[in-house]
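Below, chain A partners chain B and then partners chain C, in two separate complexes.
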Partner chain A sequence: MVTNRLLISLIVSMLLVFSATSIAQETAVADAEAASREKFRSLDEDVQNLKKEVLDLNRDLFLLEEELLFPANSQVAFFVSLDVGEYFDLDSVNLKIDGKEVANYLYTEREAEALARGGVHRVHMANLKTGDHELIAIFTGAGPNIRDYRRGATLTFDKGIGAKYIELEITDRVKKQQPEFVIKEWE
Partner chain B sequence: MKMKNILLGLLFSAFAATSLASSGLTGQAAPDFALKSASGENLRLSEYRGDVVMVNFWATWCGPCRQEMPLLDELYSRYGRVGFSLLGVNIDDNSSKAMNMVSELGVSFPVLFDSNKAVSKLYEVDAMPVTVLIDREGTVRYVHLGYKPGYEEKYLDQIRSLLRE
Partner chain C sequence: MLRCRSIPVALCFLLLALVPTAYSAKNDPEPIVVKDPHYGEVLFHFYKEDYFPAIVRLLAAQKQGLISEHGEQAELLLGGLYLSYGHHLEAAAIFERLLADNVDLEIRDRTWFFLAKIWLQRGYLDKSQEALSYLSEDLPDNLQREAQMLQSQIYINSGQYERAIGLLENWKGRTEWASYAKFNLGVAMVRSGNVAAAEQILGELGELNPSNQELASLRDKANLALGYALLQDGQPLAAKEPLQRVRLEGPFSNKALLGVGWADAESENYRRALVPWMELRGRDMLDSAVQESMLAIPYALGKLDSISQAADHYLNAIEAFYEEANRIDRTIGFIQSGDIFNQFLADDPLDSTGWFWQLEELPEGPEARYLYHLLATHEFQEGLKNYRDLHYLNHNLEQWQGSVDVFANMLETRKQAYDERLPRVEDALGRADIDAMVQRKFEFDAQLDEIEQGYDWLALANEREFEMWGEIAGFESTPALGANIPEADEVRDKVLLLKGVLQWQLEKDFRDRLWRARRDVRKTGEALVEAQRSRRQIDDTMLNEPLHFEEFSNRVYGLGPKIDGMQLRVAEAMGEQRSFLESIAVGELRAQKQRLDAYTVQARFALAAIYDTAAAEEGAGE
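Then we have the complex of A and B:
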């Protein structure tokens, strides 16, 4: 009888020890999993942060490059436009800034047609210091009665702080039946 | 000492290979240009994108050019309707001489005048004639320096293969 009791208590105690061990093991596994999950999360955050930093750096470099190549403050863009163009077939535009030739653009038939349909062509972009500058634009083409036509237009403009846009506009002067060449600054 | 020589040799050959590769236009995007043509219109290369384009640089004082031009004209009349264009760029200082030669030879392809040699410089023309073949994407695929009888066979093969692409 005593032996039986001893045996039962032994079995019960062994069972208790086993269950305690397995509980401890489970807890340890759960802890390890949580720790590794935490580790992964922090690693993922690190990667995300690094990605963001790379993107920021890329954006900054792009802006810096653009500012260095065409600083907004010294940028001047020149555009050619054609209004109606009944009295003038555009052949080429030659631009001189402060006496130095900067652009000589030949227009193909297709390009001239695009201008006649309302297109605006950026013929040149420059970086200029602040102060006064002289622009001379020479337009060649065929005028009324398909005669060779060559006309110049001059503008002295003040380059202040900030970008500047200048339009070289070819319009028709119906009264005189002649083309007109106007250079104007965009406000 | 021997090792140093080998290293120097390797360096030199690498430099030579680089300079050789950078001197050619083959495989590069064809530099765009616009020039006045004999008919009076301005022609721009980029407007021929989608066609196989041959740009032939020639001069009136160049004998092989005179031989080559009628053969090029044959290619132009044969393949012109299937997407092949030919631009003959004359580099003479005086375009009237070129006009005379064109009418004398009776060629029908567009002839452009590069009197200030800006386009010739762009295409690194240092021989006469120079024939450049550009694919439909606008990439320079073949550059031929000079002309010898039989070159037209090469042109024919290359034009046909570029048209098939």
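Then we have the complex of A and C:
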């Protein structure tokens, strides 16, 4: 019954790594497992360190890009936010600055959901001279009763020295059961 | 201002997503205000599950001081993001620092619980143990049970079977976890050599009425484990019952069928043993149970004196093992060529980063069938995650390398444009003597003061009025008007009238004109102040721009080599990770091949024995 015993042992060791076959065999398996675990951990720690370094490098590159493309004294950032959003499902936002179209952003379902959960989307960055500028934003999507909805909002703002943040806010007007679109400077 | 959920609320969301719980309505987070748009932007990426960009933005905003309003919350969010991204060591460092008494106990517990889970999966047993030690006694029941299970797993994985048994023996409750606890207890008992006690535990579990697929699978596993443990303990009759309880279509059915056959064979009932073994014949050769049945069948046939049939089956088995071993060799070659990992990366869309990613399917190909079960192991899955993350980092660095080249070009172009414009600007500035203009403005002020003090209404006459005044004065001094004749008197009266009207007009408008003149001079003064400010700005720019260019140049040209260096390290780490994955996969395949080799040797011996016996019988017959 040698064959029989050997096969059973093999199966059992595969199933549960039981110790009954032989202590030496189990020790060898355990040693191999421990060595493999150790190797994995060492590699994993290297990967973790690399991730940290690449993330820090990305931060520096991100800042460099922003400072190079949008210097603080001319930078204007436009953010879209959604508060509650029960009366409006956002599809897209179109932006015109001083009569010129600068952005037309289509939102994916995932992005719209991220907005609904409280995220704020930087939809556009621009370099503008100091002085007055006019912003027109057109919001399209589905309004109450899932009807197509298209609304505009406008703001004239004064660009001074230093970065400026403009918020395009979609809120619910509960009394009228309608969405409301407001553009304002971030306070 | 926006209303939204922030950290620790967002962290709470994250942990809730990670740890399935019956999260009651009372725990619904309160909406609070996002005070910095950049913080909201990080949340946007976080909710989109784009963890890498979210972390980069958060780090950048922190460095710029743009999310000072959120302070510690932002730091906690960063910890949560690191955790989601699979950067568990960094996440833990943040949580260790911040998850102090000021954070809600439940959030703290969930965070440590989740870290314990990740670390156990990644084989960081010490860290997993440490994370469990941070859990409070107020942990919700469901997590409490899972935490105990983690603890038992740590004990088992680190060979502390007695401690595992101690913990699991006192398990309370009748939930699904109780079944898993029983299984782990049975395993720990078997591993500690206490088969009799394990028999009872696994036996109870093997008779469980499963309410779902997971429990059905656990039941099969317990029956199989018990059956083989009894077989090994020399109790074939007792082993049959649990083995026959294993479902025929489940993942453990092959091994169960094989075991049932061995139970009969051990009882010397070879005819019955052939029934389950023959059933295995048509199944997938990849399964070791199927391979073994190819030896078991001729073994039983031999015992039943069907020598010729047994020899045929041995020959078939040798042929099948040979072909299978060749396929394994080819697969090992394919894996060692690295193509499998290239294929795997080519199929991966790289659109998401994070710890939650899991490879569900291997790239199609003949090798995939050998590696499917590897996917079920934590080590291989976690290794693949690391490999994929490294590929993402490599891709990310490649993109930045391209961008940095563009930045360098942009900077050079700007610098060139600046150098070209500078002489023109300097020339224009040289011509515009603002100081002289200011001096003239002061002179105007003084002049206006004099006019006001001297009530010099004529000084404010316009050009036309001044001409008229001159003409009238000219008429007055005309000698003809001195003649003593009525016509001269009449003209003289008219001249006097005109002069009087004009003077009256000028005097009447004097204050108004003086105010307008002063207003114009004041405006000029304001414009001059603006011009002086602009001039200072230009001077500053001319002074600082070269410094800015230098600073940007240093950054741009400094970051390029950094990216290069990092790319090399990432490539190196990818190579090491790939070697590690290869070693797991190849090791697994070699083990399969060794098993086939062992079976082949056994088959050849058995065949040789048959031939010897036949030859001996033939010899005796002659």
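Keep in mind that, in the parts below, the second predicted complex is superposed on the first by the 118 of 187 C-alpha atoms of A that agree within 3 Å, B and C clash if a C-alpha of one lies under 4 Å from a C-alpha of the other, contacts with A are read in each partner's own complex, and residues count from 1 in each chain.
Assume a contact is a pair of C-beta atoms (placed from the backbone, for glycine too) under 8 Å apart; a residue touches a chain by one contact, two chains touch by 3 or more.
Values in this document were obtained by computation on a predicted structure and should not be read as measured data.
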Of the two partner chains, chain B (first) and chain C (second), which one does A:L50 touch, if any: first, second, both, or neither? second
In the superposed arrangement, which partner chain does A:S92 touch: chain B (first), chain C (second), both, or neither? first
With the two complexes superposed on chain A, say which partner A:N58 touches: chain B (first), chain C (second), both, or neither. second
First (chain B), second (chain C), both or neither: which does A:D158 touch? neither
Quick check on the superposed pair: does A:R110 touch chain B, chain C, both, or neither? Answer first, second, both or neither. both
Which chain, chain B or chain C, ends up touching more residues of chain A in the combined arrangement? C
Please indicate which partner A:R41 is in contact with in the superposed arrangement: first for chain B, second for chain C, both, or neither. second
Please write out, lowest number first, the residues of chain A touched by both chain B and chain C across the two complexes. 110-111
Interface residues, chain C side, partner chain A - complex: 1-6, 10, 31, 34, 37, 39-41, 43-49, 52, 55-57, 59-60, 63-64, 85, 87-90, 122-124, 159, 187, 190-191, 193, 195, 224-225, 228-229, 231-233, 255, 258-259, 262, 265-266, 288-289, 292, 295-296, 299, 379, 382-383, 386, 389-390, 393, 396-397, 400, 403-404, 407, 410-411, 552, 555-556, 559, 562-563, 566, 569-570, 573, 576-577, 580, 584, 595, 598, 602, 606
In the complex, the residues of chain A that touch chain B are 91-92, 105-111
Going by the contact rule set out above, which residues of chain A touch chain C in the complex? 1, 3-4, 6-12, 14-21, 30, 36-37, 39-41, 43-48, 50-68, 77, 79, 81, 83-84, 110-111, 113-115, 117-122, 165, 167, 169, 186-187
Chain A partner, complex, touching residues on chain B are 34-36, 41-44, 47
